[in-house]
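Two complexes, one shared chain (subunit A), two partners (subunit B, subunit C).
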Partner chain A sequence: MDADSDVALDILITNVVCVFRTRCHLNLRKIALEGANVIYKRDVGKVLMKLRKPRITATIWSSGKVICTGATSEEEAKFGARRLARSLQKLGFQVIFTDFKVVNVLAVCNMPFEIRLPEFTTNNRPHASYEPELHPAVCYRIKSLRATLQIFSTGSITVTGPNVKAVASAVEQIYPFVFESRK
Partner chain B sequence: CLVFSGDRVIDVGSEWRTFSNDKATKDPSRVGDTQNPLLSDGDLSTMIGKGTGAASFDEFGNSKYQNRRTMSSSDRAMMNAFKEITNMADRINLPRNIVDRTNNLFKQVYEQKSLKGRSNDAIASACLYIACRQEGVPRTFKEICAVSRISKKEIGRCFKLILKALETSVDLITTGDFMSRFCSNLGLPKQVQMAATHIARKAVELDLVPGRSPISVAAAAIYMASQASSEKRTQKEIGDIAGVADVTIRQSYRLIYPRAPDLFPADFKFDTPVDKLPQL
Partner chain C sequence: MAARGRCPECGSGSLVEDAHYAQQQLVCAACGCVLSEGLLTTTYTDEEHLREVAYSQSTGQKEQLSRCLQRGIRRVQDLCKVLQLPAVFEDTAVSYFQRALQLPAFHLVSLEKKELLGGCCVFVACRQHRWPLTMGTVCSLLYARQELFASVFLSLQRELGLSVPALSLADLVTTHLNSFRLVQPTASVPAPFLEDKEQLLARTMAIVELASETWLVTGRHPVPVVTAAAFLAWQSLRPGPRLCCPLARFCRLAGVDLPPPAHLRLRELLEILLGMASQLSWLRGFRLDKRTVVKHIGDLLQHRLLLLKRAFSQQDGQGQQDTAPGQGSGSQGSLDKGSGSQGSLDKDSGSQGSLDKESGCPWAGKQQRGGSLRPLLPPCLIHPRKRPRPAAPSAPAVALTGDEPISDSEIEQYLRSPEEIRAFRKAKAWP
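Coming up: the complex of A and B.
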């Protein structure tokens, strides 16, 4: 059983979420009126700005906190965040780009085999939780990496974690267990 | 010298003069209600019930002694929850042992206070679900939903939180757990029930239905077994009883249909032969 051999598994990062602060109060109304590609959600007090170049959606609060979603890699997230800060600067705000942090990374990985979920759950009792009535996937949590994996019976695995490295090591950690319960 | 064999030895059973130790009957030689010290602590309160007869009402028509002053103010919410649990269990005729287990689970969760913000009814419903699972007679979430006012989503959420809080886990559900209940609700004879159980078990063993919920597989197996016997049931009827949509039964049925001859038990008497089973 070659579980230690180098398996070339493609881990596709689908979403990177990051936050940063502009260190200055932002006038949402002004952004909504003068900015391009913005949606003003007055009831919740946010402005959504969508960028085309790195395809990113940013949620901007008047306190200066910004959350960026939709990037496909950590560098892209940083570029997008900086570009966003630049566009806010062009609107006239004294923006300082601080506290950039990648908060969540979502990745998808496909195993070349199908997986027997009931067997997998019984072998990995405390970490794995499977409720077929609620969700068709097994939810496996790795506490040390703060990562959660959703394992489907088709062999596709969805991983969420705090950064790309954690996601990669989570996939490496889960591979032997999943390999045991393959079809 | 003295030897203390017991400090406060009070027998809470009935006294020797009454000849049944049955707690349920009102024992006239006892004072106070039956003790339930396992669940609510310190239950030595006396409640004034609603009066009957004319003397219990004062001038304006209000009853004298208005408040049933519940002296057990701590855990009043817990007693309320126990009442709710008993009501829910009554609606689906659950035996006393499951209700007791539910009460115990609720007490543990309540004392831990980690789920304090959640609605008590939601926690009670989730405890009921866990108790049924632990006793080996699981009820589907939809069945618990039917007797509770809480949504399936919320019960599911509370279920996961309780498992984490109590650090327990439950066994996976199997198709066989639901067979006897579904089949008797549909009025199917024992032969059909046994055949359906066999079909479902075989289908899961041969892994013909990966990723399908055991309830859906059970429903499809019942459909196949009933269609092969003289007691036919439609997908809609089975879907109604099992709480699955009839398209779901259709999907699972399509997966098990190709191997139908292998799934039936060897000694099954076919009213409709295997090749004439409906193909959806």
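Coming up: the complex of A and C.
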């Protein structure tokens, strides 16, 4: 097995975080009263609303900014965000669905081999940071993609990036380095 | 400068303008009579026209910074003295501290963080000079929380662009064992428990190397591994009187703290040693357990490479995952080479025959000599924690685009009906 042979790696997207604006002031008390599946955090000044069908949790601020987490793909995130905006519209607010943006994508990938972390860190000095006293994984940052990878000795890699494409490119980029330091 | 007029006292014409402290006065040079004097203070209107200097531009702030810097440098120097570090370390740490304090990321933070910054600079200097200092030691000296120390350390590394080499385990073992009190006779340590430092160090080092080859060190905190290895080494050097001494008592006698994960590391090490012992021919007749295997640690360490190869499958979980045939033949080749080089070892002539038999079949070797080969994997893969994982999402029947139409009925489920709202209002007295 060498690094050039085609290896199909399953990248499982576990979380997609997106934001959008409603361009209108939202009355949180009204949402808390008339919305179902809602938690009102009065001390912080936000409302948590959970949708069932795309399993999404939305954090709603009175300024009209909404953050949705829990989706498993970018499309599902948009799907859920629009449903949320529609629910707010039904509650009586003049909602306009604008500035939708996927902010963060978290994915997990399993390599079919174990990785020697000290060797990997020595070979990838400036980008890789390994402190076993703090965290069992190596933290590898790819500045160009704005992605961070956490590489565990078991071969499991957790990737966070600004979108799904960046995450996939990050895994592609890291594979040869990780392959070099495999067990 | 002589002013015009005459002194009313003596009539002299020599009048001088002089300043008595900050007060301007017109004085007669002959008799010293004060003719007139200026204002000592400015009026409100005068001050309004004075130029005001913002605090950030005044020297006051710089004085504050230099006071903080001096305090911090003193702290860094004290820390170096307590740790008995060479002067070079102190200079490096002080220079890092000075550089860091200029940056806004460390300039405008809480005092607690500034103290930790000093500790971080010392820690980085030690790591760069290969001095084995652990974060735990620095945190205990500074009475700091480890999470805060970690965040300051990581931001220091990032802001200054420092390259911090990894902690050398060999040096850590040496330093850690230096603090053990079992090498000198004292009142609290019974004679059978005393041990020679060099022998203890050599054996502990060998056990730690074994641990790092068997995935017990990667990703784990180093100190518990070293403690567990030192305990096993100490027991194995004179098993007779020492086998009955538990790990906690050993740490108390040695005068070191017992880190909580040390028990787990000890258990894992014993598991590895038991696996290796099952491959040693002259031990096969005995029923070894965690206590009795300690007596044979010397032999096991001597033939560690061969025993590891035989005792543990080098592949990923045979029978659990598919391995490429190329891998199997590759490792077979290495095994044959290994057995060839061990030909000089006469201990196991019988096993060579069985090895040749096995080279015909793939390197599963699971059933050799009544023991099943455990794969050499990190312990968390061998004993996975049962976590209820959500079912992997199946590919949706229709690919989502995110722009599908939304039906009213779908949204109704997220809204309360008017009756529910009324009931809720009544129950909670919603204002």
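The criterion applied here is as follows: the second predicted complex is superposed on the first by the 182 of 183 C-alpha atoms of A that agree within 3 Å, B and C clash if a C-alpha of one lies under 4 Å from a C-alpha of the other, contacts with A are read in each partner's own complex, and residues count from 1 in each chain.
Simple rule for what comes next: a contact is a pair of C-beta atoms (placed from the backbone, for glycine too) under 8 Å apart; a residue touches a chain by one contact, two chains touch by 3 or more.
Quantities reported herein were computed from a predicted structural model and do not represent experimental measurements.
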Three-chain arrangement built on subunit A, subunit B and subunit C clash or fit: clash
Which partner chains sit in contact with A:Leu145 here, subunit B, subunit C, both or neither? Use first/second/both/neither. neither
Considering only touches as defined above, state whether A:Met49 meets subunit B (first), subunit C (second), both or neither. second
Per the contact definition in the header, classify A:Val95: touching subunit B only (first), subunit C only (second), both, or neither. neither
Taking the superposition on A as described, I'd like to know which of subunit B and subunit C A:Tyr130 touches: first, second, both or neither. both
Given the touch rule stated above, what does A:Glu75 touch, subunit B (first), subunit C (second), both, or neither? second
Who does A:Gly35 touch here: subunit B (first), subunit C (second), both, or neither? second
Counting only touches as set out at the top, which of subunit B and subunit C does A:Val171 meet: first, second, both, neither? neither
Look at A:Arg83 in the shared chain and tell me whether it touches subunit B only, subunit C only, both, or neither; answer first, second, both or neither. second
Considering only the touch criterion stated at the top, classify A:Phe113 as touching first (subunit B), second (subunit C), both, or neither. second
Residues of subunit A touched by subunit B versus by subunit C: which partner has the larger set? C
Which subunit A residues contact subunit B in one complex and subunit C in the other? 114, 116-118, 121-122, 125-126, 129-134, 136, 152-154
Residue numbers on subunit A that touch subunit B, as the complex places them: 114, 116-118, 121-122, 125-126, 129-134, 136, 152-154, 183
Would you mind writing out the residues of subunit B in touch with subunit A in their complex? 140-141, 156, 159-160, 163, 169, 172-173, 207, 210-215
As the complex stands, subunit C meets subunit A at residues 134-136, 146, 150, 153-154, 157, 163, 166-167, 215, 217-222, 316, 321, 324, 326-327, 377-378, 380-381, 392-393, 399-404, 406, 408, 410-416, 421, 424-425, 430
If we count contacts the way the header does, which residues on subunit A are in touch with subunit C in the complex? 1, 12, 29, 33-37, 49, 51-53, 72-79, 82-83, 86-87, 90-91, 112-114, 116-118, 121-122, 125-126, 129-134, 136-137, 152-154
